[in-house]
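Heads up, the next two complexes both have subunit A, just with different partners, subunit B and then subunit C.
Coming up: the complex of A and B.
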């Protein structure tokens, strides 16, 4: 039984060595259509930009990088099929994807089994990299955002804070938990905790009891759909304190629905195109030149960083052999990315700064960068 | 103490405006049940279509009445959405339920679930699955309550809350008038009492059933616009939860009974607000449905329902 296996292995190696002589194949799965298409489109554009740039500079190890992209249509079930295809048929050396944690969680076990390194650009749920030692991410994880916002609240002198959590979302619960811990540690108090479920539209009852508790700020770790309505209803009920949130706030319809009711509120995210640092401005310029003057968002920057980290690791490993490549990615230290200096910790999560944005005048403004 | 009392009254106000919406939808369930003895599960989705009708015609209609949000514009949108929903309701009945009129009630019920699923999924295909921002029909703001009124000035009552409650009340009276004082209403009541006898008396059952569907769907359309004024984010699945709650409201008040549906809707709204405000938002639905079970155990016909002998 053993001999044919070794034989076929040798044959595959030989075949891949012959085929892959002049290019290194890298797979990407992204939600290019469907419910979270705007996320997938952005991260794909950032990814593509990085590939173009690397290839224009001569590629890696003397070979061009080839990006093979598959659309998972924002649907559960698709990522598993796609990643199997990328690994088995296209013989990719690494996989990039996805933005949504739930879909990254589907693909990760397959990459882990096949020992193909996978780098997620923007899945912030803790569980993703816990799947195994071949799974990485270039974004920070949920608890980090919570503690960043708690520290920010303290720096502003808001000590009495109310928390309104979406109990149906792991993301929201994780952020709320980390926020509360950091706030208490810093001497603040949670004056009122309340909750809602994804899809709720009426929050006046929760807000009325929050108002009675007289908080100095409200932490709102949810997604933009509910947040925009909460913001609107809070202002109508006469709640004037600032609202705080995380990267779930970033969405097209946030300000469309909320109007100016979120003015004076703050949220943490990965990247801001308004950041005056040289790296960011250079990236924004290249992105605008390639994509019809479109301003890059978080997802585009993270997609770009995921490719750059992978390319740097291939260069360092000197090979695309899976084990050595994995070790090289895991050893990433102080990589100067667009979204800040990225170091991968022993749990394969990125340790990196977060950006805090403020809302006002119909748009987002860069406020500050918070180091980990 | 005054603070606590104010908070309580505020919660009641919140519940009242949400409850009015449930009441409007519940009326449609109860009317259809009254004449056809079946639950039109697609009713919640007609409510959703009402909201989307407002979404598409809103900006153009507002433009007819000057620039920006205005009350005449809002009423125009409301009326157009109601008419559109009435037509949709009548068409649904003609295409889906009328051919099955003589089949067992269960067949029609399953068909209604099918129609509901069809509308939800077609909605996602046509309107897109992402929530859309509803155009601003009126400028919503909190009413200024003069300080001289004492403690009451601490309450927040918004324009939209007053409007929703007022329009609901108005529609209830109109409905009451139509059902009790007009010939069509009398025919509806006759049909609900005994369809065979009604047709022997020269009532055209088909016309009356169409009229009932139209009336109920128009109310759902109105509810769709009113809720979107308060919560301007609409999506194709918004009718699922609201429809379910309104159905519970109709059963709570006694299905087939019009004042019962209105009362049930308001009650559900109040219970929800109080549970969220004083117990825990996580138990909101559990307690709402728990209350339903309790009331049905004590009074199986619902609060205002009258018992009816099973026809053999």
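Coming up: the complex of A and C.
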């Protein structure tokens, strides 16, 4: 009984060793557990879906793609170790990850030093791709969303806008700055600027002074936790103008806390499952079929896009050799992704459209796509 | 006795220097784990001086580590390029920055220790926990230190030699201190504070000294960490990191340096080992899925270890105490 077991073990080991040569290994580090697990899980599901699809269609360069995923537990200190493992032990040809900018910033120097291309699906902080020429991203960067919302306010005819910024968050400050610049350029005015800090619960003082300035809209580039409270308190104070924000608004608890007080507000985002375009609807259908009827969010769509861009680059380069692969990724132009047409600029950031969603009727509605 | 320990320390340093030449050749992943082991040994052995030998309960070791990490990074970033580019001068800057980080951490240890070490047990734990959060909060708001973004751009200076040299020095200092006549005061404070005080031992002084020394070495460990990962973020020095170190001390056996060294090594390797198991393709699917949730397995192993060896892997502190009571 014992011998066949050992024999079959040896066989499978041998088989996997032989098979390994027909595989292209790609590493992924994601926050599958811990504080930002919901983001990590989503992007991983999108990534996995893309791998399945590519392999079902015969793989790339006649080889199957193999995804090696490691969990970084949402902990600082882990990404460096994991990326070293992926590169040195698993010998991956490229690395995918992460959602959080701080963890991408930790992994990026190692990928750069080892000359292994890294594509981040959703790290929006500018510094990430500044690490070096092997680091890419498929999402837009923080300032872009600010200018998108300024353009949107203009198109709606809102010229007098108040800005309420979270001073503890780089993200919020970056968005606010870009918004103000674009608004002034378009002939609008900022009638009042106020600030709060992450974790604040009472915003009535700031909102009262904003109300006195009589804005036509309020730009609120924060995260969903504070935004939901601000929305509620604004309506209590009788502020009826629409609130505008960025992708930080996306969160399960936004509408649970805010109720219907955010109705009539708008925010920019990477992707909407309500988008009627064929590409998006096809993706939503595949995703639902694989994952128990779950609706994909923007992290899933970005994870999917990052794989597709990488696979297209491998195909174009005709090799997985690091330098040629890097050049092929950098040359990505008008890639038809789920989150829009993606072009990588000379700073390795994605130039792509944003989606604007409106809030109403207890959910998010797709409003329009804004080109860069 | 002291002579022998000095010879041991010297030979340990020589071995480190010798191994350092070989260590560069191994896989970067194993090297990462190896350096992690060294840093965790420094952290755990130094915390053992407070939690194990002196019997105080500190939950803020990661806070001191953060002070050391940020202080030394700030020093190398500011002065690293201005002194010169030779290997000798960069190494000098690095070691000076490490010591600077250690001193900074020791100073903050003194600041926290003097007022709070009048407290005992749970209360001290809460104060040190609070200190950890304060340090994190200060860094998160300090723009020159990268605030919420994290601080990067440090050069890779940490190598095998410096990491394990400092680990050896930490072990040497702690063992010799506790073994010396003067150091018996630590054990006296742990065993019975009132009796110690009645015997004329300045208990507060001993507690503060243990605290400051432990903070110093935690600061060194922080500096080594920062110049290895080359990117530090306030969240990397949170409460959970402190708990990690406390777990190493408890698992190794409070007040047993050898045990703590073994525990620090084991607890650094174990999560990575489980990571490897999760990828064995010849394992059945369900077993792979269990291994994928490796942190559950890791916690389970900790619980089993604590149930079977409550005194720690090597610890006999409680055993001794029971014997004495009998």
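By definition in this document, the second predicted complex is superposed on the first by the 352 of 372 C-alpha atoms of A that agree within 3 Å, B and C clash if a C-alpha of one lies under 4 Å from a C-alpha of the other, contacts with A are read in each partner's own complex, and residues count from 1 in each chain.
As a convention for this text, a residue touches a chain if its C-beta (ideal position, glycine included) is under 8 Å from a C-beta of that chain, and two chains touch if they have at least 3 such contacts.
This is a predicted model, so every value here is computed, not measured.
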Combined model on subunit A: subunit C and subunit B, fit or clash: clash
Contacts of A:202 with subunit B and subunit C, given as first, second, both or neither: first
Which of subunit B and subunit C A:236 touches, first, second, both or neither: first
Touching partner for A:105 - first (subunit B), second (subunit C), both, neither: second
First (subunit B), second (subunit C), both or neither touched by A:225: first
First, second, both or neither for A:84, with subunit B first and subunit C second: second
Contacts of A:194 with subunit B and subunit C, given as first, second, both or neither: first
Subunit B versus subunit C as contact partner of A:367, first or second or both or neither: neither
First, second, both or neither for A:170, with subunit B first and subunit C second: second
Intersection of the subunit A residues that touch subunit B with those that touch subunit C: none
List of subunit C residues in touch with subunit A within their complex: 27-33, 36, 140-141, 147-150, 152, 225, 229-233, 235-236, 240-241, 272, 275, 279, 281-282, 292, 294-295
Residues of subunit B defined as touching subunit A within the complex: 3-4, 7, 10-11, 14-15, 18, 129-133, 136, 140-142, 156, 158, 227, 230-233, 237-238, 241, 272-274, 276-278, 280-282
Subunit A residues touching subunit C - in the complex, by the definition given at the top: 9, 12-13, 16, 33, 68, 70-71, 73, 75-77, 80-81, 84-85, 87-89, 101-102, 105-106, 109, 114, 125, 127, 131, 168-170
Complex contact set, residues of subunit A against subunit B: 34-35, 167, 194-197, 199, 201-202, 204-206, 208-209, 211-212, 225, 228-229, 232-233, 236-238, 253, 256-257, 259
